[in-house]
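Report on one structure; see the data block that follows.
Residue numbering begins at 1 within each chain, and the chains themselves are lettered A, B, C, D, E and F in the order written.
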Amino acid sequence: MPYVNIKITREQEALTAEQKAALIKGVTDLLVAVINRGPKTTVVVIDEIDTDNYGVGGETITERRSRGQ
Amino acid sequence: MPYVNIKITREQEALTAEQKAALIKGVTDLLVAVINRGPKTTVVVIDEIDTDNYGVGGETITERRSRGQ
Amino acid sequence: MPYVNIKITREQEALTAEQKAALIKGVTDLLVAVINRGPKTTVVVIDEIDTDNYGVGGETITERRSRGQ
Amino acid sequence: MPYVNIKITREQEALTAEQKAALIKGVTDLLVAVINRGPKTTVVVIDEIDTDNYGVGGETITERRSRGQ
Amino acid sequence: MPYVNIKITREQEALTAEQKAALIKGVTDLLVAVINRGPKTTVVVIDEIDTDNYGVGGETITERRSRGQ
Amino acid sequence: MPYVNIKITREQEALTAEQKAALIKGVTDLLVAVINRGPKTTVVVIDEIDTDNYGVGGETITERRSRGQ
């Protein structure tokens, strides 16, 4: 019954529904494979975050992208 | 002074402002009733999540809805 | 299938298992009553936080308690 | 490598990209100054929350604003 | 640079350091495989939660375990 | 009334109560300085995470420390 929250930036090329479904299935399968926790009530929530609102190393992702990183 | 975060799916029939206010009042009252924590600085945040971004049992809620669950 | 996270301070008189069970049942019932979300896969996680690690108004709860608040 | 999540209400006058960048830089610098944690992989995520979805003291911020608070 | 938080119950047989490392590596690899996000600054945090503090379906996991679920 | 959550590793030399208080005061002051949000109900929660439970770049912090990073 684990709970998983994934926060990723919302890029110009948005995540597709298929990619989100693959993340949800993949992380649920991973938890079964590694720690054998029953998957039925595993909950996964994906938060897509604007690049202005996500910072790494003291800079927003928008700033990092503008510098080519 | 508890902090409460509620994550729920954003369905076709959106939550009304009244429902959100009732959740915020209800959970604040519950914390007073059960553990007698002062309500003045209790913070409640409701996150509404797209059904593509919320998974249970390895499937997105979109997939579950399409199967009638 | 909502997910709820409750963060509360860990006080000298600890929460009992009965209080935690009452919070979990109470918030699950509230979600059914207010927005009619199916309770079977509702997940509730309670985090107990040391009073040194919880701040309100720029002060730790430890500091507030020492001033009688 | 700390992780910081900031949740604030989305007001009529939206946060600017400059304000968000200043929050991200400021909190990263604070962590270096106070606890000397390496900033390169410090992650900061800002969530902007509708005032209907944010409650303090059992009321939504929308309700508090309408009463002049 | 995604951020992932995994919350799981702390069971009598604790998670080993190897299992935690496998979860962290596995979820980081999954994010690269599915959405090609650079892994260097991907952050994963695992929270282990007492079974009294984790509820599913309105009951604590402690209660569910005592009923053989 | 912002809410801030800081997750940092629990190192051999633990954070002192003074450092935690400085983080809580510092981030509350930062929010006032940058976005002028009233500090009275600003909530800050610091989570200290075991180095086995915190991963960056696909590795636990324990592994990174053992390699001198």
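One rule holds in what follows: a contact is a pair of C-beta atoms (placed from the backbone, for glycine too) under 8 Å apart; a residue touches a chain by one contact, two chains touch by 3 or more.
Because the structure is a prediction, the values reported are computed rather than measured.
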Among B-C, D-E or E-F, which chain pair copies the contacts of A-B, with over half of them the same by residue number? E-F
If more than half of the interface residue numbers appear on both sides, call it same; otherwise different. Which is it for subunit D and subunit F? same
Greatest centre-to-centre gap (Cα means) from subunit B is with chain F
Using mean CA coordinates as chain centres, what's the subunit B-subunit F distance in Å? 26
For subunit A and subunit F, let me know how many angstrom lie between their CA-based centres, rounded off. 21
Mind pulling the residue numbers of subunit A that touch at least two other chains? 1, 3, 7, 40-41, 43, 45, 47, 54, 56-57
Which word fits the touch map of the chains here: line, ring, star, complete or other? other
Touching chain combinations (by label order): A-B, A-C, A-D, A-E, B-C, B-D, B-F, C-E, C-F, D-E, D-F, E-F
What residues of subunit D sit close enough to touch subunit F in their complex? 1-9, 15, 19, 22-23, 26-27, 30-31, 33-35, 37, 41, 54, 56-57, 61
Would you tell me which residues of subunit E are touching subunit F in their complex? 17, 20-21, 24-25, 28-29, 39-48
Listed in rising order, subunit E residues that touch subunit D in their complex are 1, 3, 40-41, 43, 45
For the complex, which residues does subunit F have touching subunit E? 7, 47, 49, 52-60, 62-63
